[in-house]
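The following blocks contain the structures, represented as structure tokens.
Next come two complexes, and both contain chain A; in the first it sits with chain B, in the second with chain C.
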Partner chain A sequence: MSTILEIRNLNVGYEGENGTTKIINNFNLKIEEGVIFGIAGESGSGKSTLAQAIYNSLRYPGIIESGEVIFDGKDILKLSKRELRRIRAVDTTFIPQAAMNALNPVKRIGDQFNDVFEAHGEDIEESQSRIQSVLNMVRLSPEVLHSYPHELSGGMRQRTVIAMALVLSPKLVILDEPTTGLDVLVEHDILRDIKRIQRQKGFTMLVITHDLSILYQISDWIAMVYAGEITEYGKREDMLNSPLHPYNYLLLKSLPRIGAERYDGIKLIGAPSNYSETNKGCQFITRCPFSKNECQITHPELEAGYGNDHYYRCVRTPDWKP
Partner chain B sequence: MTALPIKYIIKRIVIFIAVFFGALTLNFMLPRLMPGNPAEIVYEDLLRDSGGDINISFLHQLEAEYGISNNKPIWIQFFSYLNDLFHGNLGISIAFFPVPVSTILYEALPWTLFLVISSITISFFIGNRLGRYAGLNRNHAGDLIIDLFSMFMAAFPAFVLAFLMLDIFSVYGKLFPVGGAFAVGVNMGLNVPFIVSTLYHAVLPVATITLTSLGGWVLGMRNNIIPNVNSDYIGFSQNLGLKDYQVKRIAYRNALLPNLTGFSMSIGLSVSGVIIEESIFSYPGVGMYMITAIDDLDYPLLQGIFLMVIIAVLVGNLIVDILLGILDPRIKQEGD
Partner chain C sequence: MTRSESVNALQNVDMELNQNELLGIVGASGSGKSTLARILVLLYRPTSGKIIFEGNDVSNLKGKNLRKYRSQIQMVFQDPYASLDPFHNVEWHIKRPLVITKYDGNINERIDSLLEQVKLTPPSQYRNKFPHQLSGGQRQRVYMARALATNPKVLIADEPVSMLDVSLRIEILDLLLSIKKSLGISIIYITHDLNTVSMITDRIYVLNQGRVVEYGDTKSIVTNPRDSYTQQLIKAAPDPYKKIEVD
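Here is the complex of A and B:
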């Protein structure tokens, strides 16, 4: 397996009146071709910022301070506007949060598909079969092409957005909270379809979410993000069965399980970091029930957990484990 | 799905007719609610001039002539008013006695419509283009210049600008005529000297109305396009790698819809709104006659002019309602 996306020392912040607030700190990640990679974090953990930075679509006041995002051998952050535009939808694509409002309200769906072909120099007549096959994949009838967005349900609009993003068969698909605002049944259907399409077409998928059930349902690989840093990442089974970071451990404990006894142990309390105060030690210290003095002194680095596929950021592993 | 939303258009036309009748009723009622009548004024003038040597029956005769005798019940007056209206009989002007009001309007209205439609159309297109540029290049130098200019023009009183134009370009510059719609001695009709003369005489009034109405369009368009640029669908179209002109087209098209509604309003309202410009430039439009009608308490003429304003506003609204129904698919749905 070769690496399709590599993030190196990425630093992202938001410019404000009192200087830049750093959100993403020295972020490093490698994603292999053909996998579904899930990145999860609480609201405000910087995951959407990360997704936009990776796609180089971050808008002011968001600022990419340094780092590289190597996709297909090229640094996305160094591409010109023109080069960036050309790879979008063709090589890599981005399905945004609130995808339900992502369609132009005054244009028919079919014409919006044709706009994508026009933008990338594809022949509109010859490309109609591609629309048919991609609509088929997301289980939409071709009739939607004659509809305006307001005539479709939320789920159908979501499927339309996914179809539009996939119509030119990109190699890397970034989904930022792909099912926000949909009810659980529609969400489940759409996720199952996304996973099926991914397995069929073999593209790489990066899913950003705050929903642990979604995360564990579809991902092959999982990274947990807290305060703009990875706390732990690895294959789904390792992450699910034997977490090595307190954050991941407590999050998993917070999930209710049918049939299991009620969990009455240590709980995750407090609110996520607001980035206003930086401490030189562990970012999670304010909420970690297992922290000791040593956590305040040194900033933990990622350490290998299980083989070469698993890393965690905690100096007290495995001592904290109850 | 049909290209023309027939049901929606029919609904709009029904509403149009209902509102039209409501407005006609008001137009009928208003003069009758006012104290006194023009016949009394004329009668009193004559009475004073002749030293009391006039019979009271002359007053009744005048009232009958003006169509304002009060000896019939009000609903009969209303029906005869409607009946006259649909036969094109708007009564006899008092100020220009005995010219029928319809004749005056027939001569004046085309000039006003010419003035209004050409200047509003020009300012709508230029204004929207400038607003689009300003909104898409927010906070750049061009945007700031356009904003300042627009706010200045929007706040600048029309009559001051009209006088300035007249002073600078006609009185001192001698570039354009000081008044009238076409030169004396030119024959009205479809001939080149008439058209040239008409356009030449229209330059200053059209420029004045265009400039004073420009600011509203610019600022409206700019304010519509800015939230559009930050909308989810613009973000997604950029994520799909759409070309710059495609993205701008989407933003512009969505931002244009509110301004189109404004366009209908101003077409209608401008028929009465260019009174000042018409009188300053001595342009023989409805506005000039309206001032005379007010001065002379010429009710029939005023009523006729109000009728024209009503029709202009309503027709303007109808056209844009239909246009919006075609351009914005969301509107015709809720009307179905």
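Here is the complex of A and C:
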């Protein structure tokens, strides 16, 4: 399989009165074609900033300080506005958080689909069959085309947004919090449908969310982000069955699950925090119950785990494992 | 449709809350679970039926009696970012219910002990903090201390952890358990999340479209749900170990 997206040494910050606050620090990641890649992060981890940087849609005061985002052989960060417009929706598409609330409230859904075609110079008449086919994929009746957004439920609006994102058959689809704010039953159905469509069409999907459970349920690969850095990444099964970083290990242990034994062991301390430039050691140290002196001194690099394709950022692995 | 047509958000709901139990009320959106919470604290009044509290019908309480009832049944809401006043510090939030209910002991000591109860220790470190200086989990604790200030007999928590980061949820749920144990009060935990309900509650009621479809001992319901709606909720409960497979 070939690499469809590669992030190299990406640094992103927000400009403020006292200089730039770093959010994403030296981020590196390779995503293979045709997989569902999940990125998990709690508040302050920089996950939404990362998504916007990858799509080159970050706005001031957000600043991409350095790095490359290679998509399909091109560095997205170096493209002109015009070139970006040409590849967006056609080659890659981004469904931001709460996109379902961003549909135009005074336009019928059908006309909003036509806007997509018009913006990309597609013939509207000839494209109608493509709308029918994506609506079918997301299990919406063609009647929604005559509706205004307020006439649809939250789940239907989210399905509409997904259909619009897929109508020009992009190769890479980025979703930020795809089901947050939806009802449990609706969430489950939509996740299953998204995965089914991805498997049928074979595009690459990058899903970014705070919800570790659903991420593990749909992804092939998972990266855990804490304070602007990857703490661990690998194949879903490896991440789930043999965590190599305390963060992933402790979060998985502490997720309440029906029928599972209650976890009463060592717990995470404190609350999620942002990247700290003054901290020369491990970024995770303030929350890690396993930290030792050595963690304050060196900033750990990503290292390869025991098997292939499993990486972690912790100097104490595997000694911390209880 | 005519203007006077009304919709029943809850229909023929019979429910009992025992002393010192942690009761779960479970349902998807639109099931009526939040309406039920608001009726219990009499923010809404039932169109028919009764709420019996300690043997007395409280459904129509007014004035002084209503205030007294509300001091005994307190509520914690979903959004800890919205439920605290950004212009006031922690101390103010907890002091207010004490002043309003004319607390007759030492108010300062009471505030400290409430902060200790919700595990914001040492209290002196938190008293002067403003909401924006606290994490979501800490805010929810402050709100809980405020709710406990009047010595309620019942605490209603409506989705208290759904806005919090995953790593902070367990702490708040553990706090509910420890409050139940140390204060001997009853707690109603309202949520759509069967994972957390199965972890902390003694009994549950499952609501669907305003009706109770199933109720009983939590363990027996989550392991052997009889109603098809309960089964759906259990199947949809996120679980990292249950991979979503598609054909």
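Just so it is clear, the second predicted complex is superposed on the first by the 317 of 322 C-alpha atoms of A that agree within 3 Å, B and C clash if a C-alpha of one lies under 4 Å from a C-alpha of the other, contacts with A are read in each partner's own complex, and residues count from 1 in each chain.
The definition used in the following text is that a contact is a pair of C-beta atoms (placed from the backbone, for glycine too) under 8 Å apart; a residue touches a chain by one contact, two chains touch by 3 or more.
Keep in mind that this is a model prediction, so the values were computed, not measured.
A.B. asks: Do chain B and chain C fit side by side on chain A in the superposed arrangement, or is it a clash?
C.D. replies: fit
A.B. asks: Mind working out whether A:Arg88 is in touch with chain B, chain C, both or neither, as first, second, both or neither?
C.D. replies: In the superposition, A:Arg88 contacts chain B only.
A.B. asks: If we overlay the two complexes on their shared chain A, which of chain B and chain C does A:Glu118 touch? Say first, second, both or neither.
C.D. replies: In the superposition, A:Glu118 touches chain B alone.
A.B. asks: So, does A:Val161 touch the first partner chain B, the second partner chain C, both, or neither?
C.D. replies: The first partner, chain B, only.
A.B. asks: Let me test your reading of the model: by the given contact rule, A:Ala98 touches which partner, first (chain B), second (chain C), both or neither?
C.D. replies: First partner only, chain B.
A.B. asks: So, does A:Lys292 touch the first partner chain B, the second partner chain C, both, or neither?
C.D. replies: Once the two structures are laid over each other on A, A:Lys292 reaches no partner at all.
A.B. asks: So in the superposed three-chain picture, is A:Glu151 touching just chain B, just chain C, both, or none of them (first/second/both/neither)?
C.D. replies: So A:Glu151 only meets chain B here.
A.B. asks: Could you tell me if A:Lys78 is touching chain B, chain C, both of them or neither one (first, second, both, neither)?
C.D. replies: neither
A.B. asks: Based on the superposed arrangement, let me know which partner A:Lys321 touches: chain B (first), chain C (second), both, or neither?
C.D. replies: neither
A.B. asks: Between chain B and chain C, what minimal C-alpha to C-alpha distance in angstrom results from the superposition?
C.D. replies: Minimum C-alpha separation, chain B to chain C: 10 Å.
A.B. asks: Output the chain A positions appearing in both contact lists, the one against chain B and the one against chain C.
C.D. replies: none
A.B. asks: So in the complex, the part of chain A that touches chain C is made up of which residues?
C.D. replies: For this pair, the touching residues of chain A are 42-43, 183-185, 187-188, 191-192, 195-196, 199, 210-218, 236, 240, 250-252, 254-259, 262, 267-268, 271-272, 287.
A.B. asks: In the complex, go through chain C and note every residue touching chain A.
C.D. replies: 28-30, 135-138, 165-171, 173, 192-196, 198-199, 222-223, 232-244, 246-247
A.B. asks: Please name which positions on chain A make contact with chain B in the complex.
C.D. replies: Residues in contact with chain B: 55, 57, 84-90, 93-94, 96, 98-99, 101-107, 115-116, 118-120, 146, 148, 150-151, 161, 164-165.
A.B. asks: Report the residues of chain B in contact with chain A in the complex, numbered from low to high.
C.D. replies: 1, 231-233, 235-243, 246, 250, 253-254, 257, 327-330, 333
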